[in-house]
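Both of the next two complexes hold chain A, though its partner changes from chain B to chain C.
== the complex of A and B ==
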């Protein structure tokens, strides 16, 4: 039925099967949309946010998807600016995943601000001393860049490519893509960093507060670094999941190996910096504020020292070692384990820097405040996930996302 | 915010913050405009092009 739209030389599942899965995922999407509409119509009383939790599940999800979407800017940086030509075989998918992550982040923010019709205030009445203003600027601009990077892929659709104007437009956009990639890397460096900076400048919350360089706390650099390290791991993870579902090899092993190795070194250097940062914070910063390290990890039901061990050792040091050492990296089971751990690690880091910061008592008469999201918050957080699945399903079916697919999976005529 | 907005102050903070925003928006805008105009001209000329 839709065979005229499917790229030439590749095989796709029957239309009924595609529509069936689209329908199943679509039901979950509708659940999320229903919760989103509730939040917009009835307001933020639909959430479990309160005076203690002005930032909650949505902001964690926001920070997590932005970190995971970092694969787009870092792979683009490596491909167009460093000249790692092999990565042209995975850059389309990295851009698609980045586009999904950043559009999801903007969607979550549109729900979180309560009155999305006033979103323009942040641009027009900008508070130029706020890290979040810089995040809003860079996030919006970078989403434009990602859209520009995604459009040429859409224009490569078999039917659209037949229209001369679209064909030329796609070609011209490819020609100057390095300029857009450089702009994207510049914007990403600052908004990833500023998201970390938001926590690092909270001098009234010693759990988050960090010293730093000029106006930037160390968390600024650590956030950018971790996104550059773990974003490509997420791209690789989604690629592996897509290969498993489609039962096809979509990217050659040398491409996966190269990106895995670069991610490994990024993760390894990041985790060394993170350990030094944590060590200094625990031994110098925390005591200077009248606390001890154990104050942050005791007397509550959830946040024990396990979360620090999990983030740094299990989801940081272990995957870095696996990805750096060649024989370990080339073992497919270990490789999968490493990229999954790296993705979990960066999500834990963002959770800690958003939610544990809020939970932690600051004054002597305060107690730990644990937070449980409402079903509306959960549904609207699941919404971007299913939206992403749908966009991947449609893009994979109708667009030449993987340049090596045809060669790796020859179709018998 | 533009320099003619009543909230604008001619200080380094405003210039760096908004300068960065306009710089990024200018590159994006000029890049896209260049692609569209060149695509229109190529289409009118009937040039063939291969994707990179």
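== the complex of A and C ==
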């Protein structure tokens, strides 16, 4: 039925099967949309957030998807600026995943604020001292860059490509893509960093507060670094999931191996920096505020020292070792374990920098406050996930996302 | 009356709360809610989602009876100065919806500019900032009792204690009307100060040596306003928030409850 839209030389599932899955995922999407509308109409009383938890599940999800979407800027940086040409075979997918992650982040922010119609105040009344202002500006600009990077892929659709204007537009956009990749890398450095700064500058919250360099706390650099390390891991993970679902090889092993290796080195160097940061924080910063490290990991039902071990050792050091050492990296089971752990690790990092900061009491006569999200919060957090699945389904079906697909999966005529 | 901050010595309004006098009666909380049109719910027992600009905490020395002692700690917004006006909340607000007034030392909240991101709440270690999770609804007829000098807040924005800033504006207007160039100590007092039956709260200009607040705590300008009076302390002093609310007590354990200390620290 839709065969005229499907790229030539590749095989796709029957239309009924595609529509069936689209329908199933669409139901979940509607559930999320319903919760979103409830939050917009009735307000944030639909959530389980409270005055202790001004930041909660959504801000975590926001930070997590932005970190995971970091694969787009870093792969683009490697492909266009460093000149790793092999990565042209995965850059489309990295851009698509980045586009999904960043649009999701913007959507979540639009639900999260108490007065969404006033969101423009962040631009109009911008406070240059606020890390969130920097996030808003860079995030919006980078989303435009991602859109510009995604458009040429859309224009490669078989039917759109037949229109001369779109054909030439797509071609010319490809020609200047290095400029956008550079712009994207620049913007990403700042917004990933300023997201780290959001927590790091909170000098009233000793769990989050970090010293730093000039106006930037160390978390500024650590967030950028971890996004560059774990973002590509997420791109690889989604690629592997897509290959499993489609039962096809979509990217050649050398491409996966190269990106995995670079991620491994990024993760390895990041985790060394993170350990140094944690060490200094625990021995110097925290005691200067009257706390000990154990104060942050005791007297509550959830946040034990296990979360620090999990984040740094199990989801940081272990995947870095696997991805750096060639024979380990080339073992497919270990490779999958490593990229999954890296993705979990960066999500835990974002979790503690948002949720644990809120949970931890600072006044001596207050207690830990734990929180669980309402169904509306869960549904609106699932919403971007299913939106992403739908966009991937449509893009994969109708656009030449994987340049090596045809070669790896020759279609018998 | 319009004052040019360049031609007057900057004021620094602050509050001293004598914890040895406070009985925990809660009159300050009631006066604050009434004065500032603070919305309330039918059930206010969940203090995590109800708004109390002035909140009274009950603190004990942790000892069993008969050695147990209780102290009530009223906690308004601390109007932190931080370093050069970079208080924890002001510096983070992305839309400049909260501001540090160098002329008065008061941290303001611009309700119509706030878009409810709640970053300021995350930044405040005192939990002095509150979010309007619901539309403000008053029981029928009670709208008639709302103060015309304070704008009610809408759902989805953050609010907090303003040191009854509207009273400062009224005091300035009155002074102008009476031909005075400046306001006296008694002209501007917060609602909680006036409501406290024990006289535990003192309010005034910390920069003015003639004001009681200055004499009570002797803030040291060379050390970010740290009190010279050994019986005075500020909550979470060592975080560097530089608050303008001081507490007085003769009890060592109460003073120690005001901040976090390592086991080996005095």
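Keep in mind that, in the parts below, the second predicted complex is superposed on the first by the 413 of 413 C-alpha atoms of A that agree within 3 Å, B and C clash if a C-alpha of one lies under 4 Å from a C-alpha of the other, contacts with A are read in each partner's own complex, and residues count from 1 in each chain.
Operating definition for what follows: a contact is a pair of C-beta atoms (placed from the backbone, for glycine too) under 8 Å apart; a residue touches a chain by one contact, two chains touch by 3 or more.
Just so it is clear, the model here is predicted, and its values are computed rather than measured.
Go through the superposed model and pick first if A:290 touches only chain B, second if only chain C, both, or neither.
Second partner only, chain C.
In the superposed arrangement, does A:115 touch chain B (first), chain C (second), both or neither?
In the superposition, A:115 contacts chain C only.
Hey, is it chain B or chain C that touches more of chain A?
Touched residues of chain A are more numerous for C.
Could you say whether A:156 touches chain B, chain C, both of them, or neither, answering first, second, both or neither?
In the superposition, A:156 contacts chain B only.
Looking at the overlay, does A:179 come into contact with chain B only (first), chain C only (second), both, or neither?
first
Quick one: classify A:129 as touching chain B (first), chain C (second), both or neither.
In the superposed model, A:129 contacts both chain B and chain C.
Touch test for A:326: chain B only (first), chain C only (second), both, or neither?
It touches nothing on chain B or chain C.
Return first, second, both or neither, reflecting whether A:357 touches chain B, chain C, both chains, or no partner chain.
second
Just to be sure I follow: which residues of chain A are touched by chain B in one complex and then by chain C in the other one?
124-126, 129, 133
Can you list the residues on chain B that touch chain A in the complex?
These residues of chain B touch chain A: 1, 5, 7, 13-14, 17-18, 20-21, 24-25, 27-28, 31-32, 34-36, 38-40, 42-43, 46-47, 49-52.
For a test of understanding, state which residues of chain A touch chain B in their complex under the given definition.
123-126, 128-129, 133-134, 137-138, 141, 144-145, 148, 152, 156, 164-176, 179-180, 183, 186-187, 190
Residues of chain A touching chain C in their complex?
43-45, 49-52, 54-55, 112-116, 118-119, 121-122, 124-127, 129-133, 135-136, 198, 201-206, 287-292, 295, 357-358, 362-366, 369
Write out the stretch or stretches of chain C touching chain A in their complex.
So the residues of chain C in touch with chain A come to 46, 48-49, 57, 59, 73, 82, 86, 88, 91-97, 113-119, 121-127, 129-135, 154-158, 235-236, 238-241, 256-262, 265.
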